[in-house]
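Below is the structure I would like to discuss, written out as C-alpha cells.
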C-alpha cells in the first residue's frame, strides 16, 4: 500500500449513472484482481473506496456509480486532474490455475472487480461464464467487454428490459449453468443468495470505511461460525472465501 | 445589493502577496467608490469582503492581499472561473464637486478603494494628492497608476526601501502637504492617526463579517460620542465621516 | 403539502430563519418577499437596549463559524415600535425570541409583547450565560430551565417555545423539565461553545474569548439531540443547526422536528430559505412522502 | 526544540496518534518508522476481548465523521502478549488507553499492565457509557470521574492521564475533580455525541444509532475546553480534536496543551503525523518561538 498521485487519463459515462475512469499512478504498483483503491476527493472528509476493474502496464481502470456527493464529484472531473489515492488495498481474488471453468456473478457496480478475474482466466484459456445483474437495461455495462474476452455472458435485469427478468440466481437457473466455482461481487442480498447456493469460490464485500487500511475497525464483519472472530473488510477482505463470513443484510 | 455570477477576466500578481482581479458580473450593477463585494470561495464557509478598486462599463476590479486561506485560493483562480458574489455592499465615499483638492491616504490593501475616488476627482480636474504607505518596496503597488491619473503621489515605507521611511503621517509632514479634506483607508493604527490629525473627510473601516449585509451585527463599531449608538461596518459603513466612529485598535 | 400547524403558529411551510441570523428581516426583504417564509424568529429581544460584546465577534471555522454578538438589540420597546409594525405587513408567522439577564427581565419582555398581535409565539433563549446565576446559563440545569419556563408560561398570553443549549450533559432531562411545566414546544439547538486562537497574537480571535459554534459542523449534534428529545417529550420540536438545503430539512423532520430554523447559512446564501422552500416538495417526493407530516419523526417509526 | 517531558512520558515531539485511530500501529508501520512519533496512544484496552458494535460504524459528516466502533479490541492479555512486545521495538512512548464496563474492569486492566515496561502511562477513557451507572458515562459527573481516577491511581504504578468527554455541561469541574484525586494529566477531548439519518431509509446511518463526532468540525470545542481547563488545573493537558496540520497543533499548545493527539486525520492522510513533525519546527519559527515550551499556554500570558 502506498499514497500515490494518480492522473486521470479518461473519465467517461458508460451507462446510467455509471462511469469508467482510467488512472495513471506516478509509479505503477502491483494491483491484484479484487483489490481496491481509496480516493481522496477535495472537500470531502473520508476517502472513497473503489474496486479496480482492470490493470494495464502503467494505468488501471475503475468503474463507479454516482450515488452521492463523492462519486458525483468524481464524475465531474476531467482528464489531467491528479487524485490522491491510497493503493492498492485489501485482499484479492485468488486465481486457480487448476480450474477448468469458473462462474463470475456480478451485480451492479459489483461487476467491475470481476473483469480482471475474467481476464486472468481467459489468458489461461479457461471457460468463464459471467452472469451480470442490473436494475434495468440503461444500467447495464460491460456485457460486451466480457464477451470480447471470450466469456459466455448471461444478463438479468430486475425489470426485464434486458436479458432474463429477475435476479442473477434466476438467470443461472434459467440457463442451467452448472459451473460450481464462483467469484461474486454485488449487493448484500445477492451475495447472500450466492453464499447460500454455492460452496466453492470467493465473495467480495463492501462496508463503510474510515481508514481503509485496517486501523480503525470501522469495517468489520464476523466469521460465519466463530462469533468471536472478526475480519476487517478493508484488510482481510474485501475478498473472502465463500461461507467464511457471516452475511448481514 | 444582489447575488451575481461574476466571471474572472484576469487575475494577476502586482506586488508581493498582492493580486489584481477583474470581474465581469452577469449584469453590471452601479458600484460607487468605496463600496465592497462579498465573495463566496469554494470550500470556505464565510464570504470574503473585498473593496472595489475601479469600475468600468461591464467589469470592476479588486486588489487583494493573500493573508489566509481565502485570499490564497482566490489568487490561484484562473480567468474564466465564475464566482458567486454579493454586490455591491456598504456605504461609499461621497464625492464633493465643490472641493478643489483632496488628500487620499492609503495603507497597504487600504489603497484600492481610494483609486476610484481619485478617478472621479481627476475626471473633474481637481487636485488629488495621494499618500501611500506600505511595509516595503516589494509590497508597493499603484503609485504609478495614481500618477497616470494625474495625482501627485507620495510614498512611505516602514523600512524605507521606497519613498520616505516611516508612516503616511511622517510622509505628509515631510512633504508639508496641507490639503485638509481626506479620504483614507488602511490599517486601524493608520486610521487612528488620520482621525487624530484631520477633521474633514472620510475613513473606510474593516471588520470581521459574517453576513456582510447588515443582518448579523457581527461587524459593529460605536459612535465616537454617543456610546449607545452603533453602526454596522457592512451597512452604515465601511465609509464613515471622519470622527464619527470610535476607533479601537 | 408543506404546511404545518404548531401551537400559535400556522406555518405555510416549515422554514423559519433562526434568531440572530436574520435581524428583523429588513435586509432580506430587499432580496425576496418575506411572505414566502413559514415564519421568522426575530433577533433576541431584551428589556433594555443592548450593545453586545466587543468586536471581533465573528470567526470562521471548518464548516461553521463562531459568533459572540452578545444579544445586541434595540430593546423590546423599540422592537415593538419600529420593527413589529413593519413585519406585520408580511404574511408570515413572527416568533419573538426573548432573552434577559434575570428572570424578571424575561417576564417583563413577555408582558410587553403580550398585547402585540404580530408576535404569534415566544421563543425563550435560555442559552445565554446569566449574571444572576453565577455565569451558568439558565439552560444548563433542568431546575433553572423549568423555573424560567414556568414563570414565562404564567406571564405569557401566547405559546412559549424554549430554545435549549446543547452545551449540557443531558439534553433530555432539560427538555422533559420544561415540558413538565407547560412549554408548548422546544427549539433545538442553540450554538455549541467554541473558540479559536489567532496564531499571530496567540489571543482568541473573538474578543469575548469564546463564541457560539454554528453551521454544518454541528448538524450531527443537533440531529442527535432532536432525535433523543423526540423520544422523550410530546410537544413539538423545532430543529435548528447546520441546515443548508432541503435534504438537511428532511433529516431534521425524520429525527422528529416539526419545523426547522435556518441560521448562519443565510449569510452564505441569502436566498437559502426561499430556495429550500422551493425544493422541498420535490425532495419530499423523491423520498416517497406526500407531505411533511409523513416525514416528521419517521426515523422512529417502523 | 520539539521535545517535552510529561509525567511518565519523555516525548521527543508532542505528536501522538490518538487512541482508536492508529490501531496498534501495525498498519502505519508499513508506511513510516513509528520511532518518528512522540508517542502512541493505543486502541482502548478492555479486560475481555470486545467485538464492538454492529456495522455500519462509520458515517461522514461536514468536516468530520461519526464512529461507533464500540471499543473493539482483543482484550488486555492479548494486547500484552501480541501487541506490546512488537511496539517495544520502536523508540516511542506508549500510552495504554484503558476502558471498561465497570470500575473493577478498569482496575484489573491497569493491574495487568503495571508490570509491562512498554507502557509508560495510562489514559483512562471515561467517555464511554458505563452499564453499571445506567448508561451515563463515568466522564459525565465530577464524582464518578473522581472516583474512577482515585481507584486507578491507587492501582497504577505509572502515571494516569484521564481522557474526558466533551458532552458535559461543565468540563472544568470534572477536570478539577480528577486533578484533586491525583490525575497526572488530562486528555481533552473525546468525541461529541452525534448522529446522522439515511434519507432513503429514515434510519440512523450508524447501526448503534448515535456515534462520536470527530474531526476539524469539533476543533473549536476542543480548543475551548483545553483553554478553560488550563486556567483551572495545574497538571498537563494533552489536546486532541480536529488536528490536521502543524498550525492546528500550535493552536492547541497556545490554548494550554503540552502535547497533542491526532485522531481521524490519520485516515485522511496516513502520513499526517510525520508530516506535522517535520513541519512543526518551521511553523514555530514563523511565529517567533524557540521551542514548544514557549508555545504552551501562550494565549494565557501577557
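A, B, C and D label the chains in the order they appear, each numbered from 1.
The rule is simple: a residue touches a chain if its C-beta (ideal position, glycine included) is under 8 Å from a C-beta of that chain, and two chains touch if they have at least 3 such contacts.
Note that the structure is predicted; figures quoted are calculated from it, not measured.
J.: Please report the minimal path length, in steps, between chain A and chain C on the chain touch graph.
T.: Minimum number of steps from chain A to chain C: 2.
J.: So which chain is the furthest away from chain C, centre to centre on CA atoms?
T.: Result for the farthest chain: A.
J.: Distance-wise, how many Å sit between the C-alpha centres of chain B and chain C, to the nearest whole number?
T.: So the centre of chain B lies 36 Å away from the centre of chain C.
J.: Determine the centre-to-centre distance between chain A and chain B, using the mean Cα coordinates as centres, and give it in whole Å.
T.: Distance between chain centres: 57 Å.
J.: Please compute the C-alpha centroid of chain B, do the same for chain D, then give the distance between them in whole Å.
T.: Averaging C-alpha atoms per chain gives centres 46 Å apart.
J.: Touching two or more other chains, which residues of chain A qualify?
T.: none
J.: Where does chain D touch two or more other chains at once, residue-wise?
T.: 61-64, 215
J.: Make each chain a node and each touching pair an edge, then name the shape: line, ring, star, complete, other.
T.: Graph shape here is a ring: one loop, exactly two partners per chain.
J.: Report the complete set of touching chain pairs.
T.: Listed by label, chains in contact pair as A-B, A-D, B-C, C-D.
J.: If we count contacts the way the header does, which residues on chain B are in touch with chain C in the complex?
T.: Chain B residues touching chain C: 1-3, 40, 44-47, 86, 207-222, 227-228, 230, 235, 248.
J.: Using the touch rule from the top, collect the residues of chain B that touch chain A in their complex.
T.: For this pair, the touching residues of chain B are 42-43.
J.: Quick one: which bits of chain D touch chain A in the complex? Just the residue numbers, please.
T.: Touching chain A from chain D are residues 20-23, 26-28, 30-31, 43, 49, 51-52, 54-65, 67, 69, 72, 205, 215, 264, 266-271.
J.: Write out the stretch or stretches of chain D touching chain C in their complex.
T.: Where chain D meets chain C, its residues are 61-64, 66, 136, 140-141, 167-170, 192-197, 199-200, 202-204, 209-211, 213, 215-221, 223-224, 227, 242, 247, 250-251, 254-255, 287, 298-299, 301.
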